[in-house]
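Reviewing the structure listed below.
Note that the chains are named A, B, C and D in the order they appear, and that numbering of residues resets to 1 at the start of each chain.
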Amino acid sequence: MAEPPLERAKSPGVPELAGSVQIRHVDAGSCNGCEVEIASVFGPVYDAERYGARLVASPRHADALLVTGPVTRNMEMALRRTYEAVPEPRRVIALGDCARDCGVFAGAYGVAGAVGDVVPVDVEVPGCPPPPEAIIEALRGMTGR
Amino acid sequence: MVLQLLVVAAGAPLLVGLMRQIRARLEGRAGAGVRQPWRDLRKLVRKEAIAPHGTGWLFRAAPPLLAGTTLVVAAAVPLVTADSPLDGVADLFAVAALLALGSVALALGGLDTGTAFGGMGASREMTVLALVEPTILLAVFALSIRVGTTDLGAIVIATASSPLSLISPVSLLAAVALAVVTIAESGRIPVDNPSTHLELTMIHEAMILEYAGPDLALIEWASAMRLTVMLGLFAGLFAPFGIATAGAGPIALLVAVVAFAVKVALLGGVLAAGEVFMAKLRLFRIPELLAGSFLMALLAVAASFFLA
Amino acid sequence: MTDPLYVQTLDLACGAFLLTGVLVLWRRDLAAIIWLFALQGVALGALIAVRGLHEADVELTVLGLGVGLLRAVLLPYLMRRALAAGEEGREARPHVSVAASLLVTAVLTMIAYAVSQPLVRLAPTPATQAVPIALTVLLVGFFVLVTRRRALSQVVGFLLMDNAITAAAFLTTTGVPLVVELGVSLDVLLAVLALQVLTTRMRAAFGGTDLDELRELHD
Amino acid sequence: MTLYAWALGLCLAAALVALLPTRAPAVLRPTGAPAAGGAVAERVRAATPTVGAITVVGGAVTAAAGALAAVAGVRAMLGHGWSAWLPDLLPLGGVRLALDPLGGLFTAVTGGVTVCAAIHGIGSGPARATRVVVPLFVAALLLVPAADGVGAFLFGWELMAMTSLLLVLAEHRERPSVRKAALWYAVMTHLGLVTILCGLCYLAAGAVGDGFDQLRVAELSPAARNVIFLTTLAGFAAKAGIVPLHVWLPRAYPAAPGHVSPLMSGAMVNMGVYGVVRVGLDLLRGGPVWWWWIVLALGALSALYGVLHAAMATDLKRLLGYSSTENMGLVLIGVGAAGFFAADGAGPLAALALTAALLHVVNHAAFKTLLFQAAGSVQRATGTRDLDALGGLRTRMPYTTALFAIGALCASALPPGNGFVSEWLLLQSLIHALPASGVAGAVTMPLAVGAIALTAGLAVATFVKAFGVGFLARPRGPGAERAAESPRTAIYGMALAAAACLFLALNPTLVLPALTEAVTEVIPAGRPVTGEVTLRLTTITGSISPILIALALAGAMVAVPALVGAVATRRVRRAARLWDCGAGPVSARMEYTATSFAEPLQRVFVDALQPESAIDVTAVKESAYLVRRVRFRARVPDRVERRLYEPVLAAAVRLGTGARRLADGSVHRYLSYGFYALTGVLIVLAVIS
């Protein structure tokens, strides 16, 4: 069941978004551990949708990119282009330790760098994988609800 | 008419919000609240619009055209009051054709991008439209025989004055046909899934993948209004209770607005609840569904003779 | 029963009768088809009962209830048992595609209407005016027999025809004598039982109930 | 009358102008010094006009003729008709000409189409033969609706057939496929002529003379009337491109030069409808119900068949050709319904149906003229008509694109296009038919409405495909990449047609009174439609106002962006890459083509279309499991052609090859055939007498 709403989130959110954040998820080379957690975030238990966050299919419809995993060479250009495709104002969430600093994959031959090396990151969510509560926290910080 | 326009324009996103809320609750979620679509729209108009390379005036004209056709339809259809100043200007045929024009605009916008998804969405939308159009026309035919005119206001008033005619097989068959058509035209399950993320199963969403910001806001708003208008039209044709007639006072109008809101919300709720329990049809099964609705409409016409 | 109400309810019953008949063609799911057949049984029973109420004929009303019971409860029950016994649940590939058969139905309806006009003109009452609907369902049932592969669909097609004949009988006259109706109903019951035996045998012999398999028996 | 005579005269003048000797353009002169006597030659050369000048003058004169004819036609519709008898012009009956409202309508349409096509033709630099024949073709087109006697009618008809045949054949040197198309056209059009000839001669045989007035009062047995109607119907249906006699149409249009196909599609096919109305409703004064059933059924069949094939077509002109079949089908549904109601005694409904049909003739002429001109321009600019290889013309040919968009809107029968108005009228007439017309009507009308409805839906898909795939997105072929805007005259021609479309779309109420005159001539039942701003039906409740709908739409189109602009905070529209899923650039090969666009519909109507596809898999030599190349070909053949014509043609060929044995090259044998035949006939005669 949905938990009672917490106290007002730490950040007032992004004022221009005002309670509505559409998210495009980009898997830049993740082990899919974070994806499992994202799935549960939007599932019945945590239900991020009640805070105004929603997953969408096209970066054109999105306000924020939810990037998981270290950025592999093959995904570097794709991530950059996805970022460019998002209309302003746009935010990037680096989800999980891999996305923040490549985690256990640091220095691997196929890894181009952390998400922050490719696109500007606004919010970081630590954890391997980050617990759903942390993800919710980050999303609420963005929607301000 | 202005009142009706305002009600539709303001209420349409709320209807979508309500339907999402009902779905969320049935799926065991808390839901984003009824006003969430309005928040989404507010945010979208504050974002920047994007002109993808290689697109031109049609790409930009499509969203306003879609919204424009929907507004005209919303003004012409007897939703709140049967006495619209556009009465006699547009009848049921014109309404159906105007809705089709909106779809065409969006399909051309999708084709203009030159992406595979845009073309795919346009192609599928046109296929559905080509099969939906005949059903609408035949259902109109069936409903207008009894009244002797295709004028919407007249049909609604005639039905309201003799509610017994609603349980005739003609109404029954036409209602089934129009229900299927309404679902198909507004892109709901089982014809199309409005919340799909999988491009290959998309119809409506695939056409609008390139739109961003205010353009997208217009499209979402117009889609919500289309849904509202069609549900309202359906309610008006088959449950024309509470609709204000010519020269109604403010109280009658208020009652009409409330009745309209209740009816549409009820239909939307049924639709949303149905969507939870139903899976989307395979794309190439959709023609079967639409052929079925076409047959229903034809039978409705035939029945109006059989039992005349 | 007042006249307009009688006409409306009769028409409604006829409409439901037609609708369910046509929907049988639309659906592929055999379980749904059986449901539809049951609904049609209800409509048929209601039709007869409405006539009975209108003419204040107790026998007719009771007969309507009986017919409804047989066709809406007993026969669907038997069929459902056959389905549960391992029949494949879907009419996967009918000989004529579903969309095409729906269009054919449209034409059949028109034919039925045109053909039955002289009949209607003999005695234009609300009841006789619904005869084209019965005729349509008859043709639809025949069409189901011709185009569907599964044995159970065949049974439904046969029963649709029988429903239609019954409906026509009750619409044109005040009904067939009770004895005849009972006999017919028993016949139908026997036919269904026989077909059920057949399907069991077929499944044992061929592993399926696709009637096209029967071709193997040729020579 | 004088206007009409002037129009005909100008046509002949234009043809003569085109015959004038021309000088080669100066740049093509040999660079060496002129030979002896060069000065004289130079002076002669200076006196002879250039090809360009001749084209301009010829085109202008033809356009003037068209304009005069249009005015003459409109005057005739408004009641200033005339008739003339020129007894010495042709042997036997002489030439009877008259312009009544009905003929005036078709003359006016022809005139309007001619103006557009002639202006368009100036810039396209047509070949000399084309320049000569086009005015003659126009003259023939003007002659047919003005004919008031069997002789004049047949003369005009044959002239029309011959000149159009020459025009179809005009580009046979450039494209070999043209010859086959011309052969089909020649056979079909002349078979049609033969049946019309037989029918009309049979009719004239029963009357005291060949004038239409005399034919109207002819006393004929019902059987004779049936024979006359059916034979002439076959001929007229062939001309109107009605299924199953449509096979020439999708071949001949692509074969004809750019500015000729508008004339054929906008003006010539109308003559088939004119023939049916003139003979069936006017000369024979209506007939039994089953005549009109046949007409209605043919119309419904053509509408569905035409639009299905148009939806599948990938050749732009072929698509438009099938669309002509569709629209003529719709018109025939109207004509059939009119005859049906008239035979049933429902006069006002009959008048309404015929009004709808004739309005659709006018509308179809307007938008099809526009569309065919645009298709001609596209073909000239890109060298191809294949929609799969087009695309991206929006930036390269902006005017043509915008004008084609107007035409496509009108053709898809959506408001605010003109096609919508006539289809609306047609549907109204059919819908309100029901309670009146008994069993037959109750069975026919729903099916007819169903056919029209299906046609309307498919037409939308067809023209979204033609416009969206052909003109939008990016070019998919080298031709489309190189395309440049068409010459200015071509744009003027198209703009004129587009203006006509818009006028008809917004102000049908101004056209309808004149049309009513033509209708009352054959079905005298009062005015079926009234109103100035709003179209009101007089006998049944129903009204619509195209201009108010258009205004409302325009208002909403202005208000909505203004509203959004007021709320939006970021005004600048950022240019960005297309969303390509983050991968490599989207190439033109990834676009949806016309074939892929139509594929879902093809699947839906697979039973009706029976498409053919073939997959060739070439494996490498060493192993059948290693595939080197897979080739997939798909085609939607014309089923009527395959099932109906090919067996007949094959039988004819077999007969011909069989008969070759009779001709072994011996002259004596040939002479002996004649001898045996002569003696045989004499013996038979002797025995009989």
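Note that in this section a contact is a pair of C-beta atoms (placed from the backbone, for glycine too) under 8 Å apart; a residue touches a chain by one contact, two chains touch by 3 or more.
In this text, all values refer to a predicted model and were calculated from it rather than measured experimentally.
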More Cb-Cb contact pairs, comparing A-D against B-C, go to B-C
Subunit A and subunit D, separation of their C-alpha mean positions in angstrom: 59
Cα centre of subunit B to Cα centre of subunit D, whole Å, reads 36
Subunit C and subunit D: spacing of chain centres that average the CA atoms, whole Å: 50
Send over the residues of subunit B in touch with two or more other chains. 46-50, 209-210, 213, 287, 294, 298, 302, 305, 308
Name the residues of subunit D that each touch 2 or more other chains. 442, 446, 450, 569-570, 574, 576-577, 579-580, 604
Junction residues of subunit A, two or more chains touched: 16, 58, 60, 87-88
Interchain contacts (touch definition) - all pairs: A-B, A-D, B-C, B-D, C-D
What residues of subunit A sit close enough to touch subunit B in their complex? 1-2, 16-20, 22, 43-44, 47, 49-52, 54-58, 60-61, 63, 87-89
Under the stated contact criterion, what part of subunit B meets subunit D in this complex? 45-54, 56, 58, 61, 64-65, 67-69, 71-72, 75, 86, 88-91, 93-94, 97-98, 100-101, 104, 107-108, 111-116, 118-120, 122-124, 126-127, 129-138, 141, 144-145, 148-151, 154, 209-210, 213-214, 217-218, 283-284, 287, 294, 298, 301-302, 304-305, 308
Residue numbers of subunit D touching subunit A in their complex, please. 569-570, 574, 576-577, 579-583
Of all residues in subunit D, those that touch subunit B in their complex: 311, 391-392, 394-395, 405, 412-415, 420, 424, 427-428, 431-432, 434-435, 442, 446, 449-450, 452-454, 456-458, 460-461, 464-465, 467-469, 472-474, 534, 536, 540-545, 548-549, 552-553, 556-557, 559-561, 564, 567-570, 572-580, 586, 588, 590-592, 596-601, 603-604
In the complex formed with subunit D, which residues of subunit C make contact? 97, 99-100, 106, 110, 113-114, 117
